[in-house]
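There are two complexes below, and they share subunit A, which is joined by subunit B in the first and by subunit C in the second.
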Partner chain A sequence: MKTYRWKRWITPYLLIIPAVVIMLVFVYIPVVENIYYSLFCWSSIDPTLKYIGLDNYARILNDKIIPIALRNNVLYALISVAFQVFFALILAAILESRVIRPRWGSIFRSAFFLPSVLAVTVVGITWQLIYSPNSGLINQFLRAIGLGNLAHAWLGEESTAIFAVIGVSQWQWVGYCMILFIVAIQAIPEELYEAARIDGASAMQQFFNITIPMIRETILVLTTITVIGGFKVFDIVWVMTAGGPNNASNTLGGYLYRVGFRNDEMGYASALATLLFVITFALTFIQLRIGRTGKES
Partner chain B sequence: MKSKLLVLVSLVLLASLVLTACGAPAAGTESGGSKDEKVTIRFFHKWPEPEQLDYYNYVIAEYEKAHPNVKIEMEAASDEAYKDKIRVLMASGDVPDIYFSWAGEFSWKFARAGQALDLTDAMMNSDWKDKIVMAAVEPFKLNGKIYGVPMRINAKFMAYNKEIFAKYNLSVPTTWDEFLAVCETLKANGEVPIAFGNEFPWASAHYVGDFNAKLVDPETLKGDYLLTADANTLFTDPGYVEALRRFKMLGDLGYFNSGANGISHSNARSSFIAGKAAMFYLELEEFATLAQDRGDDWFGYFQLPGGTGGKGDPKLITGAPDGFMVYGKTKHPAEAIDFLKFVTSPEMGYEYVKRLGIPSAAVGAVTEDNSLPSVRGGLAQINAASGMALWMDTDMNIKIVEVYLPGMQALLTGSKTPEEVMKEVHDIAVTVQSELK
Partner chain C sequence: MEHSKTPFNVRMRRFYRVSLEGSINRLLVYLLFGILLVVAIYPLIWVFVNSFKTDIQLFDQSWALPKVWRYQNYQAAWNYGIARYILNSVIVTTISVVLVLGISMLAAYGLARFRFKGDTFLLFFILGGLMLAPEVSLIPLFRILSGLGLYNTYWAMILPNVAYGIPFTTFLIRSYMLGLPRDFEEAATIDGASIMGIFRHVVIPLCRPILASAALLEAMRVWNEFMFGLTFITSEKLKTIPVGLMAFSGALREQYTVIMAGIIISAVPMIVLFLATQRQFIRGLAAGGLRG
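So, the complex of A and B:
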C-alpha cells in the first residue's frame, strides 16, 4: 500500500521530466548562455571570447539602427493588432451572423483562411512580384486607372518598405485569427443570443454585450500573441527586403541576425537578443497581468 | 503493474532525450586511419542551380571512380545565403573540408582565424602551379602564403543591346562623358538606358567599386580598404565622394530604371534580355545566361569608362576570381587537396566551360570549341587589363560594407548625400581599425 502511494506521487513528475528537459536544453539554458556570451567580443569565424563587460549594451544605446528597428517593430505590432485582432473579430462576427453563416459561412471561412497555409517564402516572393515597381500588379493597376502618380517602388523606398511588408503579413494572417475567433464564438451557448433576441437586443447590442464578453479570453490571448509576433518578426521581412533599403525596414530580429551572421559580431548579437528577450518578456507579463488569463472567472 | 510500466516508459524516454541532447554532432569526417578506410570529404559551395549541381555531380562521380576509398559529400547554398551559412558552420565547428570563398578580404578573414589551410607548399612544389592561372591565385594570398585556389575568373562588363544602339546610331562609349551622352540619347528617345536591380545592394557596390578604382589612387585605396592607412585619412580621398556622386547621378538623371531598390538583379537582367532596357551591368559569368535563348550575337559589351580627372588606374577591370579553400583543421588534408586539384584541373575546367559557359581559372580550359565568342572576348579584355579591382563588398571588412552598401541605397532614394555616406564610412572604418589593433 505504501509503495503504491509513493508511485502515485512520483509518476506525474516522471511524466513531465521529458518536457522539462526539452525546455531546459533548448530554451532556458540558451537564454542564460546568451546573456553570458553578450559580455564578450567574439565572432563566428574566430570563436575566441574576449571579455568586454557591458560594452555591447552601451553600444545599443548609440546604435542608430536600433531606433529604426524598434519603430518598425512597434508599427508591426500596432498594425497587426488592428487587423488581426479587431478586424479579424469583426470578420468573424459577420461570418457567424445569421444572414451569412447558413449559406456562405464555410466558403468565406476557407477563402479567408487560405493564405495562412502558404509558406512565408512563397508568400514573400509572390508579393515581391505584385509590388514590383514596373511590372507589378499594383503599379500597373494604379497607372491603368490614371493614378500613376501614386505608384511607388513599394519595397524599394524607405518610406513605404516596412508598410508594404506589414501589409503582406496582415493579408496572410487575418484569416487565421478570424478562424480562432469563429471557434470561440461557436462555443457561446446559443440560448444567450436567443434570450437577447427575445428581449429585443439588436445585432450590435448582441455583439457588444454577449460575443465580446464571452470571448474575452481569446481576444487577450490573440492580442498577446500578435504583439509578441510583431516584436520577434523576422522571416517575412528577411524574404522580402532583407531589412533594406538602407535599413529602413529592419526589425530587431532581422538586425540581430545580420549583426551575428553577416557582420561577425556574435557578442553584440547576443546583447541584441537579450534586449529582444526582455522586451517580449515584459510585454507578455504586462498583458497577462491585465487579462489575468488562466483564471476562469 | 500499470504504474511500473509508466515509470519504465518515462525512463526510457528520458534516457533517449538526454543522449540525443548531449551527443555532440558528429563531425562529417571519420578519424583517418589506414589508406583502405573510407574517407569522407565534405564539400560546400555556392552554386545550387541545377546545371551547376549537374557539373559538380559529374566531377564527383569521376573522382570517386578513380578513388574508391574517398566519398565526397556535396552541399550548396546560393550567394546571399552562402555568406550566412558558412559563418554558422564555422561557429558550430562543423566546418566542411573544402568550402567556397571569394578572393580578397572575404578569404583572408578565414586565413587569419586559422580556418583555412596553407596551400603554398601543395601548390608551389607540384605541377599544380602550372595548371592554374597564377594571376588569379594572387588575391587569395595573405602574407605571401596561398590560402585559396581559384575556380573561375569573373569580371564586370556593361552589356548593350546591339539593336537598340543601332536604332539611335550609338557607338560604344570610351569616356565617361560619352557614356553619359549615350544614356541621355536613349532616355530622350523613351528607352530605359540601364537595367538595374539593387534589392541586394552588392549590385550598387559593383558600380561604386569600379568608380573608386578609377578615381582613387591605388595605394590610397589599398590603405583604406585594408585599413592600413592613418585613421584620420581613412576614406577621406575626394575620389570616394566623386564615385558616389557619379553613381547617384545615374539614378537622379533617370538612367536607371525606376524603383531599382525594389528589383532583384535577376529581374533586371530579364528586362534587359526582353529588350526593355538598352544596357545592363553584369558579370562575365552571366554571358551564358544572356546567350541561352538567342545566341550571343544580339548583345555587345564594354568596360565602364573611367572618365577624366581621377587619380586611379583607368585600365583596371572590376572583377575577381573566386574558388575554394581547405578547412584549416581538416582531418584529411591530403585527400581534400587531391580532390581540389582534380576539380581545378584543366580537364575538368574544359568541361566546366563547355557545360556552363563560365571561364575557368585552369590553364587552357577556354578554347574555341567549348565557349562563346563573347566569353573569349571578355577573357581577352581581362588579360589586357592592367589589373583587377576586386569586388569591393568582399574586399573590405564586413562592418564597413554594412554601412557603405545601405548608404548607396540611401543615395538612390535621395535620403543621404555622398558626403554624408562617406562620413559614416570614415567613422566606422576608424572604429573597426581601432578594434583590430
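So, the complex of A and C:
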C-alpha cells in the first residue's frame, strides 16, 4: 500500500517532466537569456560577449528605421483587425444565417479557409508573381479594363510595398478567422434566435443583440491575437520584400532578423527582440485585464 | 389564425414586398460571396494554369489556357530540388508531431487526472508558452543549438517546433480529458489496473478523436513553419519546403513557369490533407478555440 501511495504521488510529476524540460530549455531560458545578451556587443563570428550596458537600447532610440518599422506594425495590426475581425465576423454571420443555402455555404467555407493551410512561401511567391509589374495578374487586369495608369510595381515602390504585403496576409487569414467565428456562433443556443424571431426582431437586430454579445469573448481574444500578430509579423514580409525597398516595408520582426542574421549584430538584435517581447507582453496583459473586467460585469 | 383577419390583398402585398426584398438581398449576398470565392481561389488556379506554359506564353496571355500542356515544368521543378525539400518536410513533420503528441498526452494526463503540489503552477508554466513570440527566443536558440552541436541538423528545426507546439496541444488534450467521464478509469482501478495501464488501455483510446485533430493541426503548423528552418539550416540538403521554395525561386529567377510548378507541388500536400480531413480539422479549431 505504501508503494502504491508513493507511486501515486510521483506519477504526475513524471508525466509532466518531459514537457517542462523541453519548454524550459527551448522557450523560457531563451527568453530570459535574450535580455541578458542584449547588454553585450557580440556577433556569431565573434561570440565573445563584450559588456556595453544599455548602449543597444540607446541605439534603438536613435535608429531611424525603428519608427518606420513600428508604423508598419501598427498599419499591419489595424488593417488586420478591420479584415480578420470585423469583415470575417460579417461573413460568418451571413454564412450562418438562412440567406445562403447549406450546400453553397459549405463550398464558401472551405474555399475561404483554403489559403490558410498554405505555407507562407507558397503564398508569398504566388503573390509576388501576381504583383509583378509586367506579367502579373493585377497590372494585366488593370490594363485590360483601361486603368493601366493605376498599375504599379506594387512590391518595388516604397509607397505601396507594405500595403501589398498586408493585403496578402488578409487574403490568407480572413477565411481562417471566419471559421473561428462560425464555430463560436454555432455554439449559441438556437432558442435565443427563435425567441427573438417570435418577438419580431429583424436579422440585424438579432445580429447586434444576440450574436455579438454571445460571442463577445471570441471577438476580444481574436482582436488581441490579431493585434499581437501585427506586431510580431515576420515570415510574409521576409518572403515578399525582405523589408525593402529601402526598409519601406520593414517590420520589427523583419528588422530584428536582418540585424541579427544578415548584419550579424547579435547584441543589437537581442535588444530589438526585447522590445518586441515588451510590446507583445503588454498587449497580452491588457487583454487579460479587459477579459477579466468583462467577466465581472 | 391571427393573420386570417387581415384582408387578402394586404396579405398578398406584404408577402410580395418581403419576398422581393428577400430575393434582392439574397442576390447581393450571393454576388458578394461569388466575388470573394474568385478572389480566394483564382490566384491558385492562375498559378496552376500557367505552370503548364512556356515563359513567353505567360507574358503574352496569362489569362488563356495553355496551347500545349507542358508537363516538363513539373519534371524540372521536381529534379531541381523540390523532391528533396518534400522528403525533409516529411521527416521533420513526422518526428515533430510524434514527439509533440507523445509529450503533450503525458502532460495532459498528469494535469487533468491528478491533484498535486504545484499543479496550477505547472499548468500555467506550460500554457504560458502560448503567449511568447518565437521571434523573441530566436537569437538565444541560435546559441543553444550551436552549443549543442545541433545547428544545421533536423533537430534544429524539430526541437524548437516541439517546444512551441506543446502548450497548445497539451491545452487541447487536457480540455478533452476533463470532459470525459471517469467511470471507465474507476472501474479499471477497482479491477487492479496500474496507472500506466489505465492510461494506455482506457484513456488513450477514449482520446482518439482529439488526438487526430491535434495531430492534424500540429502537422500543418510544422509543415508550414518558416522562421526556424530559415535561421537554423544552411545546407540545401536539409531545407524543408517553405524555406527550400524560397531558395528555389531565387535560383530560378526568370523561369517563372517552373517556379509556378514548384509552388503547385509544394501546395498540393496540404490542400489534399485539408480537403480529406476537414471535419477533424474544424473540430480541432473548435476545441482549441483560438491560437496565436
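Miscellaneous remarks
Everything that follows uses one rule, which is that the second predicted complex is superposed on the first by the 271 of 297 C-alpha atoms of A that agree within 3 Å, B and C clash if a C-alpha of one lies under 4 Å from a C-alpha of the other, contacts with A are read in each partner's own complex, and residues count from 1 in each chain.
Criterion: a contact is a pair of C-beta atoms (placed from the backbone, for glycine too) under 8 Å apart; a residue touches a chain by one contact, two chains touch by 3 or more.
Everything numeric here is computed off the predicted structure, so don't read it as measured data.
Once the two structures are overlaid, the count of subunit A residues touched is higher for C than for its counterpart among subunit B and subunit C. In the superposition on chain A, contact of A:Asn246 is made with subunit B only, not with subunit C. Of the two partner chains placed around the shared chain by superposition, subunit C is the only one that A:Thr280 touches, whereas subunit B remains out of contact.
Of the two partner chains placed by superposition, only subunit B is touched by A:Glu157; subunit C is not. Contacts of A:Asn134 after superposition: both subunit B and subunit C are touched.
Contacts of A:Ile45 after superposition on the shared chain: subunit B is touched, whereas subunit C is not.
By the touch criterion defined above, A:Ser270 reaches subunit C but does not reach subunit B. Once chain A of one complex is fitted onto chain A of the other, the partner contacts of A:Gln205 are absent, as it touches neither subunit B nor subunit C. Of the two partner chains placed by superposition, only subunit B is touched by A:Arg258; subunit C is not.
Once the two complexes are overlaid on the shared chain, A:Leu118 sits against subunit C while remaining clear of subunit B. Across the two superposed structures, the residue set of subunit A contacted by subunit B and also by subunit C is 7-8, 11, 14-15, 18, 22, 25, 44, 47, 128, 134-135, 257, 261, 266. The touching residues of subunit B, when paired with subunit A in their complex, are 3-4, 6-7, 10-11, 13-14, 17-18, 21, 80, 83-84, 87-88, 90-91, 93, 109-110, 112-115, 198-201, 257-264, 267, 271, 398-399, 402, 406-407, 409-410, 412-413, 415-416, 435.
The part of subunit C that touches subunit A in the complex is made up of residues 25-26, 29-30, 33, 36-37, 39-41, 43-44, 46-47, 58-59, 62-63, 103-104, 106-107, 109-111, 114, 116, 119, 122, 125-126, 129, 131-133, 135-144, 146, 159-160, 162-164, 166-167, 170, 195, 220, 223-224, 226-227, 230-231, 241-243, 245-246, 249, 256, 259-260, 263, 266-267, 270-271, 273-275, 278, 282, 285-286, 289-292.
On subunit A, the positions that touch subunit B within their shared complex are 4, 7-8, 10-11, 14-15, 17-18, 21-22, 25, 41, 43-47, 128, 131-135, 152-158, 241-242, 244-247, 257-258, 261-266. Those residues of subunit A that touch subunit C in the complex are listed here as 7-9, 11-16, 18-20, 22-23, 25-27, 29-31, 33-34, 37, 44, 47, 91, 94, 99-100, 104, 107-108, 110-115, 117-122, 124-130, 134-135, 137, 140, 171, 175, 179-180, 183, 218, 221-222, 225, 228-229, 232, 234-235, 238-239, 253, 256-257, 260-261, 266, 269-270, 273-274, 276-277, 280-281, 284.
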